[in-house]
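Several structures are given next for inspection.
Look at the two complexes coming up: chain A is in both, with chain B in one and chain C in the other.
== the complex of A and B ==
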């Protein structure tokens, strides 16, 4: 085994993947950055350098600040609700019982499905006139709102679909956290006659927190990109539900303004990169703690 | 406490499963029954005697009509499903092969700044598709890859590389080094030891990685609808494109198609159930 051979092997194994990633991620990003200083359009050539005009427009555009606020609200509500509901479900699932694997797997199915397909299909459930949700509400003598067309309501309906899809994710991570707590800690607490709430607050929560933090960061970066559900339910140009990604789609593909869209994308990216950096740092620290 | 626990379990399970159950029922309806204003959820073999009962006449026409081409679409559900299968399988094979190779390198060989490279690989996963799609679109126009199976498969391969590399690295790190050291003593070269000793040990990991790559390619929508709006349209892009259909939504066919589309995923979820946590956290959390 010679050292020279090993270097060749390393190169052969690692470079194809890294090269592809650079070609399809780093290069487009730089290209995007360049485009954002031009007035390029989707059809036709003749892009001109326009300096920071696109950025000036992004920051003065009420559409952008609206989408930014809406996306932030969506991320906070979605991640918060999913965390609470998922954690509650995990607490209920903690003890062993017959058929647990089946229950768990069934409950986890939504997170594996296609958001675009399920978003479209949820339109049938939430339809104001013939949707099953309103039919059931009607049978119970309750109000039957127009879930997906009412201006004040559709944002929350999309949030509901997101909660349906991603609560399982939080439940699965929470369950892993709960099951990793050694039983002897609980036994010790029992001997000390600690109350249920004290046990939860002083033992369960602190020990699960690192894992929950990881789940929250992962979900947040994902929710920040929210695109599929909005496209499949209300479309890209609905003022009440427009997120950063759908606004970007509208600007580039419907209005054809590539230059302006690229500026939007760059601003979005700054936020994404910031979150991703937090995530990788967090992961690094978590792994360091594990190794110790 | 026991009661509360069971209530939470039943509520959670119903919330997750009822929409899918409803999908199955809706796929058996005629369009009239699907958009009837009153509740009907009991499938019956004949037409119900009382039109205001909870019964509806079960029919398989929605499945038969899946070969229909709806307004606003260019092909039937089956041809879109075929595109999804071709693109999903091609990209899964490629990303698992490239990702496994990359993970082997990072797991077993000396690489300078390995941690930084690995985090770079992971960070590509956080990229919103819409932020890189314009340059890719322009690139694909030049290379004539827009609207082709190959183009989208290539893009998904790259998109899934981060997942494949991280998942495989997790699995490979668990294989004891003693195995390959023994092989080296027996006169294997380093490459032979990796290929004949380490890789066979990683069979489960490779299968799990393939399942997650396939699911992620199968479900992807952003790239699919922006790059392949004209040819090789995958099912998610086809379905979402039906939204706001001028003929009215063909709900039973959508339910039938969606059911056929998600059924393999449900099967794969069951098969990979012991490794779901790893899959969704990029191998960073082990069960």
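== the complex of A and C ==
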């Protein structure tokens, strides 16, 4: 094959993927960036260039800072809890026992259901008046909190639903990591009379860490986009539960401010890219240390 | 050419494309065939949200089809997503509906953004405007207020009303107990103070019986629609009469007193009463637990069907002789995102619908609330359903929230600040003060102040 033919084949193979990438990733991204400098609206004709006015609004808007704070809290708490609970669950599942396959299958069910549907179901379960949970609490003579209406509770209720849904994912990834550790390392540690805590700290955790890191990255980027559960339980305009995604929805689809919404989205994108970069570098460092 | 140069050219072209698309105008797609074109049976698609009146309109649509051969399909969209769906359709070059029955609050947006066909010259040719109830004309059809420019024809006139358990109110044991406690007869409340007293009397959580339920949801407009019945009655207002000035108008003692009173009422309901959407308010009544609810009359056919003579209906209570009910009606607007010939078909249907004989049929449908002032005053209307008489008495007391193009932003901040006041997260006086400032900011940004 000549050099020319080889180049033609290379471009022929790469072009479809490149076109798709440009069409579905690069173009929308640039289009969003361009819109963020205009006063485009969801309906109505035309849009005018407004310079950095939308960005000035984003950085001075208390709604945005509130939603950013809430989203950050959500990501930290949800992913943290899911990591701890999921890893503990995986440790419990590592051993062989009767019915393990059934437990594993049942544990994975929440993760496989649609978050929007789960949000609606949990909305019914947590309803303060006729929800199943409060009915049970009432029968037991316990207090019946307003899970989804009490200002101090509703954010945490949504967070708990998320933890319920995604802990199995962390458990699954952790279990895969645990099972990939060669048994001879544990056998060597046993010969060296290492204690259980030392084995966990010096062998289990460091070897599983890169995989856990990846799972945390995936979950964190997903939790940053938290939308379905909030929409299904409290709606997009609730000051106590509004996340960045629901704020975006409110701005674009309710208020019709596409230009402003695009500016919000660009800032969110920058935050996500920054976080992801920090995290992947951390993962690379971990892998490097492991290789050494 | 070097690869870097090629890449630069490619990105420059892409950027130009993006900028052009972002700032360009979208032209209505006249080529997309209306269903009437190409020899197919002419068809009109009407969008409305899912409720009894939409079913009634579909029945009338069949009558229209018999007379004209034009098929009318009323598509019922769930209320929770109705607004988003409608405005997303307007974002397209061809809307899937020909007629949209839009909330009264949307008319400013529909008129100023070129979404609704202007009917100013046409509407007076098919209906005598003097026959339309002035409040229905003002809030459902005209924009700006007092301009005589029409963007909708009246379809459903609606207002918030009171539904109560007549059987509880007429129970001799209850009457005796109430009289012994309050020194007056147990009667349908005409003031919010009486309403609170009666609600407190029936509030018996240990028996799973509750005093009242008002709309208080935060997702769309429930809380605002629930509060404003009191706000106006207590002397508050959203803005100055005839202008959009808010500061000094909303942040008054009347508004504060109204919200404080509303907070008291919410405590005289079931658990979670501070966050009930319209459906949940109805549910509190239909599950047999609540003595009184305030909700839109057009939601009441189900109550009348289920409870028969055990339910009674009345005008919302007032304060110091002033009664005001939240308006909740909708007008028929023609989409500008459809071809001209389809717009003509839509006009044909609207003209047919506005005929007196059709309006007389309309009132026989569940919650078919006409805007025809004569019919509203007629005995036939008052007797058409158990709730019609109370509705007819409410029409003169109807008032609406903002209907300017930025109403959604105004609604969102209202829901947020009033919500904070109701939840006790912010002092009510502070909440209305900040709300007034925020509303003026939105109005100034929109060039409306």
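Here are some notes:
By our rule, the second predicted complex is superposed on the first by the 255 of 292 C-alpha atoms of A that agree within 3 Å, B and C clash if a C-alpha of one lies under 4 Å from a C-alpha of the other, contacts with A are read in each partner's own complex, and residues count from 1 in each chain.
Here is the rule we go by: contacts are C-beta pairs under 8 Å (C-beta built on N, C-alpha and C of every residue); 3 or more make two chains touch, one makes a residue touch a chain.
Note that the structure is a prediction, hence the values are computed from the model and not measured.
By the touch criterion stated above, A:35 is placed in contact with chain B and with chain C alike. Residue contacts after overlaying the shared chain place A:253 against chain B and chain C alike. Judged by the touch definition given at the top, the superposed model places A:198 against neither chain B nor chain C.
For chain A, the partner touching the most residues, choosing from chain B and chain C, is B.
In the superposed model, A:235 lies in contact with both chain B and chain C. Of the two partner chains placed around the shared chain by superposition, neither chain B nor chain C is touched by A:65. Using the contact criterion defined above for the overlaid structures, shared-chain residue A:283 touches chain B, although it does not reach chain C.
By the touch criterion defined above, A:110 reaches chain B but does not reach chain C. By the touch criterion defined above, A:44 reaches chain C but does not reach chain B.
Residues 27, 31, 35, 127, 129-130, 235, 253 of chain A are contacted both by chain B in one complex and by chain C in the other.
If you check the complex, the residues on chain A that touch chain B are 1, 5-6, 9-10, 12-14, 16-18, 20-21, 23-25, 27-29, 31-32, 35, 85, 88-89, 91-93, 95, 101, 103-125, 127, 129-130, 132, 135-136, 138-139, 164, 167-169, 171-173, 176, 211, 214-215, 218, 221, 224-225, 227-228, 231-233, 235, 244-245, 248-249, 252-253, 258, 261-262, 265-266, 268-269, 272-273, 275-276, 279-280, 283-284, 286-287.
Of all residues in chain C, only 14-15, 17-19, 21-26, 83-84, 87-88, 90-91, 109, 112-115, 217-220, 270-275, 284, 287, 406, 408-409, 412, 415-416, 419-420, 423, 425 touch chain A in the complex they form.
Contacts from chain A toward chain C in the complex involve residues 22, 26-27, 30-31, 33-35, 38, 40-49, 127-130, 134, 144, 146, 148-149, 151, 234-239, 250, 253-256. Residues 4-6, 8-9, 12-13, 15-17, 19-20, 22-23, 26, 34-39, 41, 98-99, 101-102, 104-106, 109-111, 115, 117, 119-124, 126-136, 138-139, 155, 157-158, 161-162, 165, 184, 189-191, 194, 215, 218-219, 221-222, 225-226, 235-237, 239-240, 242-244, 249, 251, 254-255, 258, 261-262, 265-266, 268-270, 273, 276-277, 280-281, 284-285, 287 of chain B are the ones that touch chain A when the two sit in their complex.
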